[in-house]
Amino acid sequence: MKLLYFSWVRERVGLAEETKLPPADVKTVGALMAWLAEQGEGYAAAFADPALLKVAINQKIVPPTTPIADEDEVAFFPPFTGG
Amino acid sequence: MKLLYFSWVRERVGLAEETKLPPADVKTVGALMAWLAEQGEGYAAAFADPALLKVAINQKIVPPTTPIADEDEVAFFPPFTGG
Amino acid sequence: MIRIQQETFDPGAEIKALTQDRTEIGAVVSFTGLVRGASSGGDDASHPTITAMTLEHYPGMTEAALADIEAEAHARWPLTGSVIIHRIGRLLPGEPIVLVVTASAHRRAAFEAAEFLMDWLKTKAPFWKREETDAGARWVEATEADEAATARWAQSSAG
Amino acid sequence: MIRIQQETFDPGAEIKALTQDRTEIGAVVSFTGLVRGASSGGDDASHPTITAMTLEHYPGMTEAALADIEAEAHARWPLTGSVIIHRIGRLLPGEPIVLVVTASAHRRAAFEAAEFLMDWLKTKAPFWKREETDAGARWVEATEADEAATARWAQSSAG
């Protein structure tokens, strides 16, 4: 699974992108965020409050209940501030 | 009294501006328009329906009841269509 | 800043002049009005093609009216600058007639002030348009839509 | 037309490109957003001075989001053309960040579509701003005002 991090999520995780395969029982976006929060100090800081984050699967914003698949591109970021 | 005509008022009167002294009993903008309507064919056509016209005294739009003075600049024109 | 002129104008140059060496401006809105080749009477195919448009104005009163309109916009919105340019004389389809530019710290003020300037300019500045069409010439008539567009700003005056 | 780029842009050139050799366009509206030297957190003097602004984005998703937003504007208003340019990278106060240009036969459509594009772009396109100030760096936070500005267009969809 391709994971992308933007803005302060990227800074806290310490990576812009990586490939990770979560355990088989991690089946939704919400479960993925809970699992990522356990992957180390930077991840813990980034995913401490999932309510602050938006998630896109294959470049479409989705709710935490959305199922994930191994071949997905999953991106994590705070709300947009462009313009 | 300096009289100015714009747009189709100018075309009907046949003049862009002229100096005219109305009789002493012509005391308001409305009376001036009625008097001008009697000054010939072009004037009659221009002032036939005063409701179509706007009047400015010294470059400020005024209602027909406004008094006039000999030294005024009085302009007649249809509603504006710029922009 | 107000200009009434026969020659054309460059919206980009006016935007640049308003923003050059400034760091408090967050938003610049420009409106450019152009001569259309279709009659302003409507959009359907039965309307004649416009071949030229002549703008007449009332020298002296025009400058005063535009200065009043610009001052009113600055009283209503926190603008850091503005430009109004209106052309006069005979123009061809595709040529620009009028330019309004507004600059502000925030986008809502710049947008609203630009719309306000255009709406007021249409009904409060002494310009008259004469269209030449393939079916003859006519003076453009003022529209109720333009009156309504002016009136909608009456309620929100800060002045 | 959509562009995401590091280099600056020229609003005048984009306006000209949209109107060149056209006679059905009556109105062109442009919006230019610039980096302000005062913090976006507010206008009072206590806010730190901004020394630079860095724009990060999500390549691929950004292009798709802007194309969707532009298509939505064309579905809602009768536009003859539009341009969205958004810069990325590190910018200094006074530099332009974003340009929106809309062209239409009539002014109301051009104004509304330009405001709509800016409002949607702020909350629906994957950009993030990081401010460097004399008191340190921080990621700009999304505002409720921007969410509200996006929401006001929800009722009037023609799509």
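Chains here go by letter, A, B, C and D, matching the order in which they are written, and residues are numbered from 1 within each.
Throughout what follows, contacts are C-beta pairs under 8 Å (C-beta built on N, C-alpha and C of every residue); 3 or more make two chains touch, one makes a residue touch a chain.
As the structure is a prediction and not an experimental result, all values here were calculated from the model.
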Remaining chains grouped by touching, chain D not included: A | B, C
Between chain B and chain C, centroid-to-centroid distance (C-alpha), Å: 27
Intercentroid distance (Cα basis), chain D paired with chain B, Å: 49
Centroid distance [mean C-alpha coordinates] between chain D and chain C, Å: 23
Multi-partner residues of chain C (each touching 2 or more other chains): 33, 118
In contact (per the touch rule at the top): chain pairs: A-D, B-C, C-D
Chain C partner contacts - residues on chain D that touch it in the complex: 10-13, 15-16, 19, 21-38, 43, 93-94, 105, 107-108, 110-111, 114-115, 118, 149
Interface residues, chain A side, partner chain D - complex: 4, 6-8, 10, 56, 59, 75, 77-83
Residue ranges of chain C in contact with chain B within the complex: 33, 55-58, 60-61, 64, 86, 97-98, 118, 121-130, 139-142, 146
